[in-house]
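Below is one structure; the comments refer to it alone.
The chains carry the letters A, B and C, assigned in the order they are written, with residues numbered from 1 in each.
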Amino acid sequence: MGTANIVEVKNLNSAYGQSKVIFDVSLQIKPKERLSIVGRNGAGKTTLLKSIASLLNPTSGSVVYDGIELVGKPSYDVARMGLKYIDQDKHVFLDLTVRENLELSSYATGDYDWDKVFKHFPKLKILIDRKGAFLSGGERQMLMIGRAILGDPKVLLIDEPTEGLAPSIVDDLVTTFHELSKDCAIMTVGQNLSFVSRIAERIYAMKEGKLVAEITDEAKIKDNSYSCYL
Amino acid sequence: MNGQLLISAIVLGLSMSGIYFLLTVGLSLCYGLMRMISLDQFFYYALGAYMVYTVTSLTGSFWLGMLGAMLTTLVAAFVVERLIVKRVYSKPVMFSMILTFGVNLLGVGLIKYVWGLSPKPVASPISGIMNIFGTGVPIYRLFVIVLAVVVYLAVQYFLNKTILGTAIRAGIDDAEKVEALGININRLFTLTFLLSSVLSALAGVIHAPFVMVSPEMGMSITAFAFMVVIIGGLGSIKGTMVSALIVGQVVSIGALIWAPLAEMAPFLVMMIILLIKPTGLYGSKLMNR
Amino acid sequence: MKRYLNSWSTIIIVFTLLYFLKAFLPAAFLTEVAIYSIYAMGCSFLIGRLGLTSFGQPAFLAFGAYGAGIYLYYFGTNPFVAILVGVLASVVVNMLVGLFFVRLNSSYFTLCNQAFCVVTFFLFQKALVKWTFGDNGLLLISRMDPTPVIDLTSPKGIYLFAFIVAALVWFFYNYLMKRSVFGATCLCVKDNEQKLRFLGYKTYNIKWLAFVIANTTAGLAGALYTVYFCMVNANIASVSSASEAVAISMLGGAGTLFGPLVGTFIFIGLKDIASQFIRHWEVLVGLLLIVVMLAGQKGIVGSLEGYLAKYTAKKSEPTPALTQEGGV
């Protein structure tokens, strides 16, 4: 391992009550890399991301971010330290305008520099006074990512970013993700293989709560040969 | 029906609406944000009334009493929150209902130890009478109405124009996502709980001159408070306000027609509204969660 | 083990033992335990099996009590008939009220129930004062005729009768909770009503029936009270005792078979003893509620069942677990 990993997950186990969902998962995220996790519905991808972001309490294992153990830390601390989770259900606060959504994030992180948000998503500037309830799916995704990059996070965990989005918007997202990864590591989760091939530098395949393969070979990523794991 | 009686019933109804609103806005906020039913609010209401009695009889100033009551309640609510209530935030509603009912009973019992069982009078701080369309109306009642309106506007301003209010509205929508942004949701919970408690105490303070302050006063107003939150819809501030207005009028005009109607009529109104809309007038889909 | 604990013979043994406890404890206390535990049973069923908390149980107690009281005061003299009338009155009221209440979600249900309790109190205290005599109530002494077989006008008779009825109620709930499909469906409503509705169940009907059953149990207790105390007044519906049924349910263990009995026994015992030392009893009830809820809300019987289950599970399969451990 050349450069130090920004996130180091070791033997993570997670469960909902009695039912175990994540089994002994270990993985690493390097600074500024684009990483993807693929797996079927119900494989436990969401659960894994939430456990890393401390939104769920893992039953055992450790998550070290930037030299700090995250397990047991409240999730708002984790987010403020620069590891942010973006939900798969594209839920922006419906009653809040775009401005208020951004204000909240600024309040949480102390970062009021909205220009970088508008640099990536110029459209948000036009929509600034619109309520979340009246945004389209693509606009919601922009807002979710936009408000997450306030506070200059070092790691973004993005759950199924392309779910329900039109192809042209997916193209935009590819560009955005390449841009964003100049400043932070991005780990996405998804089943949209063409999207994954276009952004990922490294892929983990997940099955029934376990990581079953790691694909680092660029050619293999490009030709979707990892689809056998789905 | 006598016109003068009607006018004074309407004004009385409006001032009751003000008290109901102050008492229930906290219940509604707590439900909206924390998904808990905070039945201990009725203890803070009674505590507010007793404190205003004590401080007023010591210092002679009702306004000092009001301040003292709100500060005492703030401390009491903070202790209760730290020791007990903070444990229920993530639990199902049933849990918070039973637990806070326990807090309420404990509180009422303690009030009985401190102040005894005999009812205490609190003099009205404003004694004048104002003439409205030939009907003499106590100015204090008008003051209560104005105070409630001011509180309503202040709460709306807080929720819509300040960053903490924005965070609370976001939390009402989805608390987990507020946390994911990096905001300490527990602090918002505490803040909301304390705000609710202080408003409940204020309701007790301004209600005290209308009634004799007694240990059971929290119990006897619960039914009306519940009808208000149910008719308005749990979790909605505007709904709470509208329904406080309705219940206030139904109670006071109902009592004018036939005394027992004061309790029966709002209940019937509530039943009818629930038949049409099981989540109350302004209750939203989020109530199903 | 658990099955054995809940079987029919256990019910008979428990109630027989309790019956003969009168050799050591005052009969008045035991009679009250028997009647009050019937009342608590309904509440415990609602909480534990349906997920509905009701702080308005005194209202349902009152309809049964007034049904019996009004019959005895105005129409007849037979206490058996009075109890029957009380139960019928309670059934009718519950069927009507249930139509409104079961459509509400659990938070609204609780609030509405307590509001209903207050309204019921005022109904009997003020609105119907001409017939119920409000706070003075209906005095029924010497309005009941002695009955054959079990004489309900004698303390001994009512004592025996209360225990027989309680045992029957327990048989019924044992069947309902442990054997019947309906009981199982109720639990599903508690766990995931939405899902059940998607599966095509009419959850309102299930909840309605459960509501009627549970609150008629309360009505039965109310009717027994009227006959036992030879009087009924508006205080029976007072909200100040609204929490008692919930407190007993949580103390004993909501939804367990013997929870209400154990809860009632301890609760009333504690109340009788404590009221000699403590002036304001609600302090204790409040503390009790807080402690039980913070201690894990399983109650005494619930926790015992948990330990028993663990104990039997450990005893029955030690070897495979060991070999697995050793094999790794």
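What we mean here is this: a residue touches a chain if its C-beta (ideal position, glycine included) is under 8 Å from a C-beta of that chain, and two chains touch if they have at least 3 such contacts.
Every value quoted in this text rests on a predicted model; they were computed, and no experiment measured them.
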**Asked** Centre-to-centre on C-alpha atoms, which chain is most distant from chain A?
**Response** C
**Request:** Kindly work out which chain lies most centrally, taking the average of its C-alpha atoms as its position.
**Result:** B
**Request:** Indicate the whole-number Å distance between the mean C-alpha point of chain B and the mean C-alpha point of chain C.
**Result:** 32
**Message:** I'd like the Å distance between the centres of chain A and chain C, where a centre is the mean of that chain's Cα atoms.
**Reply:** 52
**Asked** Using mean CA coordinates as chain centres, what's the chain A-chain B distance in Å?
**Response** 43
**Request:** Spell out the residues on chain C that touch chain B in their complex, using ranges where they run on.
**Result:** 47, 51, 53, 55, 100, 103-108, 110-112, 114-119, 122-123, 126-127, 194, 239-240, 243, 246-247, 250, 279-290, 293-294, 297
**Request:** Quick one: which bits of chain B touch chain A in the complex? Just the residue numbers, please.
**Result:** 163, 166-167, 169-170, 172-174, 176-186
**Request:** Flag every residue of chain B that touches chain C in the complex, lowest number first.
**Result:** 31, 37, 84, 87, 93-95, 97-99, 101-110, 112-113, 216, 219-220, 222-223, 226-227, 229-230, 234, 259-260, 263-264, 267, 270-271, 274-275, 278-280, 287-288
**Asked** Which residues of chain A touch chain B in their complex?
**Response** 53, 55, 74-77, 79-80, 84-87, 91, 93-96, 100-101, 103-105, 107-109, 147-148, 151
